[in-house]
Amino acid sequence: MSAHAILLGSCTDRPGIIAATAGMVHTHGGNIVDLQQHTDRELGVFFQRVEFEIDDFDLGRADMDGAFHPLRTGFDMDCSVHFDDEVPATALLVSKEQHCALDLLGRWRAGELAINPVAVISNHADLAEAVAWHGVAYHHLPVSPDTQLEQEAQLSAVLAALGVELVVLARYMRILSPGLVTAWPARIINIHHSFLPAFQGGRPYHQAHARGVKVIGVTAHYVTAELDEGPIIDQDVVRVSHRDEAADLRRKGRDLEVVVLARAVRAHLEHRVLVHGNRTIVFEG
Amino acid sequence: MSAHAILLGSCTDRPGIIAATAGMVHTHGGNIVDLQQHTDRELGVFFQRVEFEIDDFDLGRADMDGAFHPLRTGFDMDCSVHFDDEVPATALLVSKEQHCALDLLGRWRAGELAINPVAVISNHADLAEAVAWHGVAYHHLPVSPDTQLEQEAQLSAVLAALGVELVVLARYMRILSPGLVTAWPARIINIHHSFLPAFQGGRPYHQAHARGVKVIGVTAHYVTAELDEGPIIDQDVVRVSHRDEAADLRRKGRDLEVVVLARAVRAHLEHRVLVHGNRTIVFEG
Amino acid sequence: MSAHAILLGSCTDRPGIIAATAGMVHTHGGNIVDLQQHTDRELGVFFQRVEFEIDDFDLGRADMDGAFHPLRTGFDMDCSVHFDDEVPATALLVSKEQHCALDLLGRWRAGELAINPVAVISNHADLAEAVAWHGVAYHHLPVSPDTQLEQEAQLSAVLAALGVELVVLARYMRILSPGLVTAWPARIINIHHSFLPAFQGGRPYHQAHARGVKVIGVTAHYVTAELDEGPIIDQDVVRVSHRDEAADLRRKGRDLEVVVLARAVRAHLEHRVLVHGNRTIVFEG
Amino acid sequence: MSAHAILLGSCTDRPGIIAATAGMVHTHGGNIVDLQQHTDRELGVFFQRVEFEIDDFDLGRADMDGAFHPLRTGFDMDCSVHFDDEVPATALLVSKEQHCALDLLGRWRAGELAINPVAVISNHADLAEAVAWHGVAYHHLPVSPDTQLEQEAQLSAVLAALGVELVVLARYMRILSPGLVTAWPARIINIHHSFLPAFQGGRPYHQAHARGVKVIGVTAHYVTAELDEGPIIDQDVVRVSHRDEAADLRRKGRDLEVVVLARAVRAHLEHRVLVHGNRTIVFEG
């Protein structure tokens, strides 16, 4: 399998963008294997993801970004180039519930998900043994309401030391402070156990049970400074009935949480997610 | 096909309720064909729906309610008896969009749904011809913000004159006044085009599009004085993507609306829905 | 809304196809609003659908196909050009069950589906009145096992006289003869009431009930000479339980049939379906 | 939480069964917390599952089965009594793929699934380490086409020695011989990675890809001597598209396999599954 480059770009819509982009790739010797584009007609904004083989590209990786500079000058395009074999260092943040974190590590070990987990960080010690078994470093950073900022400073130090580029909140039950969140735009993925925007905040399964809904859901989204308001990457649902107590909703929801979080992380790592305002374009995998 | 009676009951949970109920049915010569019960353990409340053949029942229909009086005295049960061949007169309220109303009428004409539509009532004239073709009376009751109470008085008069026992809001785009709603507890079914409690109020598909959700839903519920807060009977969802504009959500949602509303109306007419507080028990069909 | 052209093409995969295609559209003054492509890596075949605005195209519609001739000579591409405001004449074939045919006509009248129904043809008279109400001509062509070929000759004559380009089997319960089918490659859409390839042939809901499945499905596919073996366009499913008798499966299935058939017809009419061997590429709507 | 007894029964349908059953439970001091019944009207067979608290039952567990003897004599009922705190010893059979087996063990360790895994048995050594970490004994029983009967004799010896009462084929890629299977009626659960009866036999994801289906599924069923023909306990599906190659179907299917197998095992362990002929009644959980 040869390496692929992925060009992501967005700009004001106008004629000729695809012709220019595809032409540049072809001229340099790249071979497009997947081109997906989307135009938001309401906003007049164009988005594209172009994946191409680079075996015969006439420039090295370091110069490839520059090859697409004419897109910036000609179309005022916001664009970037990525490589599918360069996987960003990723930290998983967890509290006590293990299912999401262990599921991601299990997919990684099985070779199913190309994630690069350099650390699992938790405010509790519970998962230390299970994470160690997977061969990933476990950082226990306890926190109390009084020590949140210090703990987040420790956290940031760990992330920096490890060169982390993606943070996954795999059922981390603390609300990160706005200062931390805004330093990581579109690079913190959270799994919220409700069908947002319904049941924001704490204990969503209890809220869902109290409201008597017949379907529950989960939401994977990028974290922003406004709680549970960030751009949604993926959602899914499962039917429930009057027989299901809050504990049953929690159990049924867990099966959704692992699947939806894994799908969202996969989409992010494959550079298929573009954020525009508070919404996402998620190209097909 | 012989007629069936349906006994609905709820009371504080305690031992012996099913034995007493099933014993009474059997002693009188009834044959249970379906018994469903549910205990809300949190609230300590028992609910049951008992369907039985009455060919050999030793009492006539008029006396059958009395046969279960011991459940009231012995268990303080709130109970009622219904017959599956006595279908309540039903009015459909619509505005301009036809899909839900015509779908219900189509199911009725095809013999698929045992509804008894005695009137379609609308604040617009648009559907008069289509409804007439189905052989149902059409009442055009125009309304403006200034005339709502007068129009609702006309509406109530029509409902009373026709002996209506169930009102279905098949995309009726006016908010009924609390006075009218409270006169019809658990007898007005609405289809709301969002996955409640998300996107209450007007233009939910536009709200959903603005929020960037990846799944949209619809909700059938009993109408109460609090807008979009009544007990939920059924919900369902469909996946959407960044490609879907608000008009696409509307189109995809319509397919859900007809199905979920029909399911909810069927459940109501089959006496499978019990309301407790703001939640429902919906026994299986 | 200005008109759009849609270029469909497939050829052996090689570098430069998208660049060439997008370049041609741009050079002629077209503005691409949607480009979707797919490469079947196993077969080494490239597929594309390119939708573009033609307001400023430098050639008229009659000459537009020729503008893309270099794709045929340069890439040996099998390609064709379509216009979104030229809707093919369509015939619906039905037997006695009304739901699929009336649903398509209802969507057409509501302006939701850009179909062009020039005839409903049936081996029974049952739906004549309902179809007439929709303003579409009804052709009653009775058939018996002995008269199938004569009836199909009548049918073909009607289709030819009306210039029909798409035939939709909206629950037509006869098996068309191979001679007729092969004359309409990828232009006859059938809705089969099972999750193909399970339960081919007759009475699939009874087969499903006898097997005790927990999910039933429906399949929209192009008809080929091999019964129920044609390329699948769309499928969907619904959960069932031991409580559901064959009649319940039929009822639940009907709700799927109308939705899946409408989705498949929409995809076909929007030129989003490409057939390759016995499979389809269905680009996103 | 006090212990519950579960009475399962089936017999020819006739009046009075529920009254008799509920009366017996009540007379002995049991308190019914859940009664579910089903009548197959086509076959005229009645099925019931009655769950009751036994704190005040006037007989000990050893005598409880006898308390319901009148159901056998009076209604010719096939019935049995189970206790929710007596969990049968269970063996998991696996080959090389880990996801189903490790998922079940993970649910068990998290306290989510009341399974009693006394052994994991495999024809390969691959999962030994992971299973050991979960604290369950691993039995490596290699097999070749020539040694199948000897290996199955070893297998049977292990099951007998451990008092195993339930066998779960958690992606065990060998076909068990009819002699072994018939010795374990309705006590071997398999997860088949297709939507049965479609794609029986080997490599179902490849079969599904070759057929070009738009939805794939998985099936949990009891194993019988006829391959892939046993009574279905649960099924579920996921949408796929032309973009998905066979490897993608396998990946998407895995997420279904773990969930559907866990649901089926839970239903079996909660005594909610009754088998009749080649179909199941699965009462609600």
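As written, the chains take the letters A, B, C and D, and residue 1 is the first residue of each chain.
Quick note on the criterion: a contact is a pair of C-beta atoms (placed from the backbone, for glycine too) under 8 Å apart; a residue touches a chain by one contact, two chains touch by 3 or more.
Bear in mind that the values here come from a model prediction, so they are computed numbers and not experimental data.
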Subject >> Set of chains whose contacts include both subunit C and subunit B >> reply: A, D
**OP:** Name the chain whose C-alpha centroid is farthest from the C-alpha centroid of subunit D.
**Re:** C
Original post:
Roughly how far is subunit B from subunit D, going centre to centre by Cα mean, in whole Å?
Top reply: 37
**OP:** Calculate how many whole Å lie between the centre of subunit A and the centre of subunit B, each centre taken as the average of the chain's C-alpha atoms.
**Re:** 41
Original post:
Could you say which residues in subunit B touch two or more other chains, in rising order?
Top reply: 241, 243, 284
**OP:** Enumerate the contact residues on subunit A facing subunit D in the complex.
**Re:** 98-99, 102, 106, 110, 112, 133, 241, 243, 251, 254-255, 259, 262, 284-285
Original post:
Hey, which residues of subunit C end up touching subunit D in the complex?
Top reply: 38, 40-42, 195-199, 211-215, 217, 231-237, 241-243, 245, 278-282
**OP:** Give every residue of subunit D touching subunit B within the complex, in rising order.
**Re:** 15-16, 18-19, 22-23, 25-27, 30-37, 39, 284
